[in-house]
Amino acid sequence: MTALRAWFRDPRPGWWLLLAGAAGAAMTLLCLLGRPPGTLLLPPPSRVLLAFSAPAVALMVWLAPRGDRLERLCAGLVGLGSQAVLASVPDLLAVAVLLVPVGFAVAARPGRRSLSARVRGPALAAALLGLGWALLRSPGPAWLGRLGALGVALGLVAVGGLVPYLQEVEDGEPAETSYLAWTGFLAPALALVLPFRLLQGHLLTPDEGMVVGAVLVGLGALNLAWGAVGAWRTASLAEAWRDSFLVDWGFALIGLGLFERDGLAAAYLAMLAVLGVRTPLALLARTAPAAGTSPRPLALVLVVLLAGAAPFSGFPVRLLVLRAATELAWPLAIPLLMAMALAAAHALRLARALGSPRGRDAIGLAVVLAVSLVLGLVPGILRGLGGI
Amino acid sequence: MSLAAMLVPPALLAAAAILSWSLGHTGVGAGRVVCAPAAWLAAGVEAVAWWWGGRVPLELSLPFGLAGAPLGVKLDSSIFALQMITLLALALLFTFQPRDPGRAALASLVGGVALGTLAASSLSLTAFGLSVCSGLVWTALAWDERTEVGATWGALSLAWVLLLWAAVVLEVVGGTSVYSAVPVTALQAPVFLLLAAAALLCAGALPWRTWVSLVWRRARPASGSLAVAVLVPLGFSLLLRAYALGAGQWPGGWLHPLLAGLGAATALAAAGRAQAAGSVRAVRAEAVPLGAGLTLLGLALGTPLGVAAAVLSLGGLGLVAGLVPLLPEGGLVASLGDALAFGAPPALVFGGWLLCVQAALEAGPVTGLMGLVGVFAWSVGLAAVARATWLPAPAARSGSPVGLAVGAGLLLAAGVGLGGLASLVAAPVASDLAPPGSHGAAVSYLGGGAVGVTVPSGSWPAGALGGAVAIVGVVLLAIVGLLRRPGREPIRPLSGVEGEPARARRSVSALEVKPLIEPPWRDLRDRLATRLRGLRVPSQYRSLVRPNAVAAAATRGRPWFWALVTLALALVVTR
Amino acid sequence: MEAAAAAGAVLAWLGVSLLSLADARRGLALGLVTTALGLALAAAASGRQPSAAAALAAGGAAGSLLRLRDGEPGWGLMRPGSTPRLVAALLVFLAAVLLVGSGLGVPTGVARLGAIAVALLALLRLLTVERRSPALGSGAALALGLGALGGGTGLMAAAVAAVALGTLSGAEAPGPGR
Amino acid sequence: MPWGDVALQLLALLVYPGALFTGAVGAVCELGIGLLLGGRAGAAEALRHLVGVLRELPGDPAALLAWLFASLAACGSSVPLAPAASSDGNLLLSAVALAAAAWLGGMAFSGEEGGARRLLLGQLCWLVALLAPALSALSLRPQALGAVTVPALMPVKILSGLLYLLCLPVLLGVPVEPRHGIGEPASGWWSRGGAAALSTRLRVFLWLPACGLLASAEVPPPPADPTGALRFLGVVLGLAAAAVGSAAVARRLGWSLQLRLAPPLAGLVLVAAVVTMVTS
């Protein structure tokens, strides 16, 4: 304990943050144990996702300046707990309700934008998800069910802060209060459980299923295009990083929307990549110095990673989502191909932003590369672990 | 033994990469010392094991997958030929091009991955390998310098993405992308076109300036030559695989003339660029595209002779990829090297191109005309070599005399031994991939032996006459070297009768040396780009079309925008 | 039962309308507690577990009490510029009626009407408000409204959410870190 | 390794119809030009030129390689009494070897791309003339093409023969630029400044392969005996004379006959070849 304190070596954060951190850790533990039974049930894919989230939190703490580490650890534990709860609560309406306090908890941390500005996205997501779910289950005309299906699909998109529900990005905003908290950390948990919740008990009529699928695929393609072009063309580097998340999310949404085995597997791997690779890289990009004139090979390999090329995490996602799209209707693959080819363009820029990391950053980068390699080379094992 | 031929060469290169990298980190700069022998040894092991193993095709499938693709490797006559071509080019480059340990390790790793990709047993695994190769090659290029890496990266990324889609379509239509298991009917024209597009992008065999030309114009050609040596055979291997997938045919007779015409156009365009180039390096940069065009011409014919000729021409390309970077910038030796690379007899390039054109002539009237275009390109290429001697030679590189001797020696030896190569390497590939019964067009007979090659339309006694020419040529050059008078301009003894100093001609600047033929479409791309840049939304519509305003509203998290989108979607789904 | 459910729904709608028209701590607290009581009444009348409904009411009440501890003092009702919110309150009720439609004949449908109205109005307020205290109040109302749409788990979660939001400070932070 | 074949081919390359024979025929042609254009003085000028070529040869690798390629081209055309089997001939081999030899001369055109451009244009048209009959007959064996007397192929053969004759002076480096005014000293055909000197110097090696190819591809193959060889030599010399004569007349008349007529005629030959291919 003393060694831990010595490592953190920082003033004690507010008691409520310590408490929240402890609560987050406890919630994570409860969700992992499935206690109380029936109320909290963590599906296998979410367990793997949680296993990928822990290193991301650790990296965030590790990269933080010494003075902020304990605070970051507490915030990370709260995030971990929230992620576990969102993934474990079987009732989607309860999930929607819980999104509200989680959204406020994230928005309440000090930041440049006001609390109300930061909480709008999660609040809208919660409302869309909750109302959509309620309409899906309520008796009434068919259009009401379709409206509910739309609400659920848009709710997922809004939770991730994706197009068309993008939130404002500001340079220098702390990671835990920026878009990263939702797009890169909390939303993947929901994205993985949502299809299972929807498919369990066959709640959706074919009509409603078509609406959910079409909205997810359509918005997935939109996010792909937006992310691929935006990350390449936008002036702000922070926005470029956010847009690069949109590319991963685009693949994931399309995979989810296809309601097909390979598509779900692609979404699962894409979410793991977001948590295990993209988010840590975005965190590293905040601390790494700008690229020098002669980049080191490690930084050059990053371009390959960010472009989604083999042998890194992007390749199996692309293979699976292409397979799913081609099985359903081959023209769906065309926007996917265009986005895959365009990813090569923005990868150069993002990698340059990571520069030539040294010391602590270089070690972190090596770890991320290793994680990405595992995801890229043996996705079968991870699919087995996730039961997909 | 076939197993050794399949597994040992890539393993050797990978081990050399690790060793070189480790030595580099311990401060021992022994990259070349480790990687060059590994490449030669890998080539030796592959050749010996393949022949000793009785040249029996072998396929090895592993129970687990790699990156979502079934993991398996295979070795047959075509893979053996392509791997040997790659290995010989790599061995030349590793031996005679200076590289620090890190770069040598990366180059060796690229070689190992390329060999593995060539041996992949499924199209999805090939796409995976091509993707890895592209990434590593990009890393090697960008590590040296940033020029021309963007275009290369873009082309190669597009290539592997297209190939991935082709593999996926095959899996969806045929249930698998394993070459030996795909039903013949699964290879339909759209899949083939995807595969061909990937192959041509990868090999740079297109009628405009591709990455293959661009990477050789860089100040540091080492990584560029590595990329060419590895990726060009890899690209052509995809077209060879297409024959295997289609049981000796491509899906649709129209595809053969289409790609053959593309090959002829590629060769002609490359020759046109070469004769208009502004520097010796830019001329040499077109040697591989010119050869790639003629190789594609032969390969696309679909006849056994065409396939065999393409394999031999590809062999020439591989050696050229290894030789050209070792040439000095100017002088007689450089000109001779250029001439061999551009198809002067009796080198392997000449033999391969000769057979490609003859195969085109024999395949039918239309392809015969394409062959004539190929001969035009060949002739213009030779003219470009002559014109290159007028261009100013930067004193940047002196090349590697020993490497040049070894490379040129290999080219000449392979050219003289064309008959042997044809009967032992090329003919088996042709009989495996395009059996005589498999194609409706003229089926040519290719006779090979120590004397030379014989085909119905005309023979080339490479061993006898070519050997005689090689012997006499070498002897003559040796005599000239001995007899050269002191004070005479040493590297360019092409003065006129009046002894006009060559230096005076060398002072002609690149700008003064005009192209021999000025094609009207030379600056078409720039003109089109200017025209496109000039396009604007008409002023009266600018108030309606404001994408920037929409983008700004979308990215700033405006609630009214969210509400608008949600309402619109709600209206759409409830209608 | 139908009458109780209808009364609860109307009470909830009145409460959330009050919340959306208030800018100061007392108005917000009163709106929140009214909303919670109305929703709890409607939920109980529509046959949900009484304990869960009571928990919802208790959570809402606790949240509203906690809201009283900070934020702008006074009631702050119907300040200049609040007319659009008043109009929105009416329109949202109509929209909720449209969404529930044929379900209005049964207590469950009526309860859903109130919950939907609360959720929509609270969301609208949350999307347009700039200051912390009203945002927290609207957030709590949103949670209550969404929770009231579900069963026992939803109601309990809503109660927890309302209390949790009540614990967050409504005082405006100085400088950029508001 | 069949050393016997190598020895035979070495003999063919160095002696007949290779280096020695090529040089001899070239020398005869150069002297002929001298006599034709300048009488005794011209012949003396040609002789001086040939002696100069011989003197320069040992130290001039370009000239030596050109001679070697020209000899290879000669071996590629079917010459009677050649030591190697005449069936080994290959038009494409000869064409490429001859083009390489011509461009070794073309290396001297630095600073005056006009000459090189002319050579390239002429060479492309010459390739059409050489290969158009091969396209129709689907063969590149000279003797096979020469033996073809199918009426359907005759128009292509005749047109391509004419085109070949038109291009021959350009290929050989015989001056074809229009030269106004009557009369020209024979020296103008050899010592025309440094740039073209090399190409002029190498011309001596190109006469036999260039004219021999036409002879073997257009004329029915002569019998493989001394009379056949003499007949072949006669045809070669006749073609050379025709080429020089046409060039000289064109210069006198101030026309650029070859450069004006060759491209359209090449197009015509191609069209005729395509029509023949389609119809036959």
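By written order: A, B, C and D. Residues from 1 in each chain.
The working rule: a residue touches a chain if its C-beta (ideal position, glycine included) is under 8 Å from a C-beta of that chain, and two chains touch if they have at least 3 such contacts.
Owing to the predicted nature of the structure, the values given are computational and were not obtained by experimental measurement.
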Quiz item: In this assembly, which chains make contact with chain C and also with chain D?
Solution: B
Quiz item: Counting C-beta pairs in contact, does A-B beat B-C or the other way around?
Solution: A-B
Practice problem: Can you check how far apart chain A and chain D are, centre to centre, with Cα atoms defining each centre and the answer in Å? | Solution: 75
Exercise. Please work out the Cα centroid separation of chain A and chain B, and write it as a whole number of Å.
Key: 41
Exercise. Go ahead and note the Å separation of the Cα centroids belonging to chain B and chain C.
Key: 70
Quiz item: Per the centroid of Cα atoms for each chain, what is the distance between chain B and chain D, given in Å?
Solution: 35
Self-check item: Sequence positions of chain D contacting 2 or more other chains
Solution: none
Quiz item: What parts of chain C, by residue number, touch at least two of the other chains?
Solution: 127
Exercise. Identify all positions of chain A at which a residue touches two or more other chains, and write them in rising order.
Key: 117, 120, 124, 147
Exercise. Could you please specify the touching residues of chain C with respect to chain A in the complex?
Key: 99-103, 109, 112, 115-116, 119-120, 123, 126-127, 129-132, 134-136, 139-140, 142-143, 146-147, 149-151, 153-154, 156-158, 160-161, 164-165, 167-169, 173, 176-178
Practice problem: Can you check the complex and tell me which residues of chain A touch chain C? | Solution: 16, 39, 89, 91, 93-94, 96-98, 100-101, 103-105, 108, 110-117, 119-120, 123-124, 126-127, 130-131, 133-135, 138-141, 144, 147
Quiz item: Which of the residues in chain B end up touching chain D in this complex?
Solution: 275, 332, 335, 339, 343-346, 350, 354, 357-358, 361-362, 365, 368-369, 372, 375-376, 378-380, 382-383, 385-387, 389-390, 450-452, 456-461, 463-465, 467-469, 471-473, 476-477, 479-480, 483-485, 488, 493-498, 500, 505, 508, 512-517
Quiz item: Considering the complex alone, what residue numbers of chain B touch chain A?
Solution: 64-69, 102, 106, 124, 127-129, 131-132, 134-136, 138-139, 142-143, 150, 153-154, 157-158, 160-162, 164-165, 168-169, 171-172, 554-557, 559, 561-562, 565-566, 569-570, 573-574
Quiz item: Which residues of chain B touch chain C in the complex?
Solution: 559, 562-563
